[in-house]
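Right, one structure below, let's go through it.
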Amino acid sequence: MARLRQLALVLALPVALLALCWLLLADSTSFYAPPLRRILAAFGPTWAPRWASEDASSIALLVIGYAGAVVAGVGLGIPLGARPRLRAVFEPALELFRAIPPPALVPAVKLVFGWGPATNVLVIVSGAVWPVLLNTIEGVRAIDEVLADTCRCYGITGARRLYVLVLRAASPQIITGMRQALSIAIILMVISDMMVGSSGLGFTILEFQRGFSIPEMWSGILLLGGLGVVLSLVFRGFEAVALRWYHGLRRPQRGDA
Amino acid sequence: MTPAAATRRRARSPALASRAVLGTLGLLGVGAVLEVIPRTGLVSPRYLPPSSEIAVALVREAAGAAFWRALLDTAIGWALGLAIAVVAGVVLGVVLGSVRALRAATASTIEFLRPIPSVALIPVAVLLFGAQLRSVLLLVVYAAFWPMLLQVIHGVADVDPVARDTALSYRFTAWAKIRYVLWPTGLPYIMTGLRLSAAVALILAITAELVIGAPGLGKEIGLAQASSAVPAMYALILVVTSVRLEAAA
Amino acid sequence: MTPLLDVRHVRKVYDGHGRTVEAIRDLSFSCAPGELVCIVGPSGAGKTTLLKCVAGLLAPTGGEVVLGDVRVDGPPPGMAVVFQEYGRSLFPWLTAWDNVALPLRQRRTPPGELRRLVDGALGEVGLADVHAAYPWQLSGGMQQRVAIARAIAYEPRILLMDEPFAAVDAQTRADLEDLTRSLWRRHAMTILFVTHDIDEAVYMGQRVVILSASPTVVLEDLAIDLPGERDQLATRSTPRFAELRARVYARIQQAKQRSTT
């Protein structure tokens, strides 16, 4: 019964809003806001043929760029976090790079790397790497001294130390950085499509708008929204698994059992 | 922790003064590397001009009225959008945060709307408003609204139950409740929300200018790139970066 | 008998920015193989510093620590440490079982042997049924038991314990003291046990090394001539226990007064 009530709470408002849109727009003759059913009807024919080709490539570039940003951010963050002197030298410069608004870099990357998928990937990496890098540094820096001493006492070094101590201890911060990086990466995927490519999700949607294919444009916006929601759900699932210990550790400390 | 241990901890990380020196050296080093790389031809200066040329371009830009006009445009779009988002976020956040039933009913909707990338709205903005300030505002408000809203909801929900009960048992007036219970608890959350929103808002303002062509620094960056005024482009990127640094401070 | 652990004129000076703190002035003592030696001193006596020097986690400014016949300059093999902060010395992302197994995995212990050692150690500390629990699901006393199990599964020649029971409640503390003593007798380990609690030092040790306040020196190396079979109630109520306890107490009080005047 409680389950049912909860389900009702989760679904009630979205369903109501959707129904409201449907009804309000049902007989819409407005050019900009076509009836919802026309948008939905446009969805299949618009995206089914594109899905396999150019628009899947946007998502592939997103995945590659995001993975690159995470690997580079963690890989550079670990040595920087572990060495105070190295950190003191590079931290202000890194803060400066982090402060560059990611979209502002798109013209520069485009200039250097021209028109091609490498540019899209580089745009994504150049914007998404900073939150991962700086959070990794924070996380590695804050590794518990007692835990580090424990590793030294029991001779835990090398790869095992990296995996069992450093990466795991810093994982709450690393994952915070990854979450920030994900939303930046999605934004940059769309922007780089729009500004660099002659294909891709963002480009196609902009083309629809320029050609006044309004229902198709709206279906594209729905697709982008859905992509954002799906990726954030996937990420949340990943976080719940990777940080199970952390949430368990924190719960009694916060005092709400 | 014993005093000895505290001393040791301090000894291990370089002192503040020497950290500042090292950090400045790091910045100078990056500047020097960016000067040398194009001069040695490792990267063509057509793509990455030496940092001294960027500095010259910066001075030249700053001498022109167009630059200040663009800076002002960006600042207006950013600040206005942020202000709207903050007010909307705080008002809605307080309402949703204080009424449990409302919070439960809206949670799923918020969770669904929030991850929708704000840039997906770019075509709508172009369609409705064209290359105007209002396009910038649409994107900025949408993007900056969510962090603020979520922080305020958390802040209100975080009010100490004991403080809430105290307020209730002493029959605080609504004003006193806001002044002595809600405000002190919520303030740190609002500040966090403001910081997050401000950063996102600037990014979206630049994006709108770059992609849609609304007047502002972003548009200038795009123009500089299109007209191969490469040092000017880097100078402008440096400017928006320092705007963001200022905003964060 | 040649000592297993020999601490020779150890001195430790912390060099802060513009000021130096002499934590340990001159400390010498030794432990014979199989001995249980307690180090007791007032708070701030540099006990933790001393233990870290012995463990090879800190380099002494002067003097040396010798284990077996090797000079310690880094954590030596065959030494296990149980820290006071049990909550921070167990890996919260590993189960109790994996926490105990970790040092053995590093040592490439064969799987069968590893399972036997870990199961055995957890059984000995009375945690045979919580293998899959994470440290944060256990009480403080149970967490410290896991840390002790990790130490004995490692089969060390010497076990260092740094105020291991300072952060648990009194009843748990008594249980853990008896557990430690019984493990010591069964495994014939050498234990160096640091505490600020005089009762605990006298109850646990074969010898008690009494430290002064910082800058630290050894005030007295006192043999505890209580019978080997000890009991929380009976031993603590013997006249000899009271005498020894009073003696350690007087020594520490004396040292405190000297350092404050």
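Letters A, B and C mark the chains in the order given here, with residues in each chain numbered from 1 onward.
Please note the rule applied: a residue touches a chain if its C-beta (ideal position, glycine included) is under 8 Å from a C-beta of that chain, and two chains touch if they have at least 3 such contacts.
Keep in mind that what you see is a predicted model, and the values were worked out from it rather than measured.
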- Message: Mean of the CA atoms for each chain, then the mean for all of them together: which chain is nearest?
- Response: A
- Message: Need the most distant chain from chain B, centre defined as the mean of C-alpha atoms.
- Response: C
- Message: Measuring centre to centre with CA averages, how many angstrom lie between chain A and chain C?
- Response: 48
- List the centre-to-centre spacing of chain A and chain B in whole Å, with centres computed as mean CA coordinates. 17
- Item | Distance between chain centroids, defined by C-alpha means - chain B, chain C (Å) | 51
- Query: In chain A, which residues are in touch with two or more of the other chains?
  - Reply: none
- Note on the structure: Seen from chain A, its contact residues with chain C in the complex are 144-147, 149-150, 152-157, 160, 164-165, 168, 171, 245-246, 248-249, 252
- Task: Note which residues of chain A are touching chain B in the complex, please.
- Result: 9-14, 17, 32, 84-85, 88-93, 95-96, 99-108, 110-112, 183, 186-187, 190-191, 194-195, 202, 205-206, 208-209, 214, 217, 220-221, 224-225, 227-229, 231-232
- Query: Contact residues on chain B for chain A in the complex?
  - Reply: 12-14, 18-19, 22-27, 29-30, 43, 47-48, 104-109, 112, 114-124, 126-128, 202-203, 206-207, 210-211, 218, 221-222, 224-225, 230, 233-234, 236-237, 240-242, 244-245, 248
- For the complex, which residues does chain C have touching chain A? 52, 55-57, 74-75, 77, 79-81, 83, 85, 88-89, 91-94, 102-103, 105-107, 134, 136-137, 150, 154
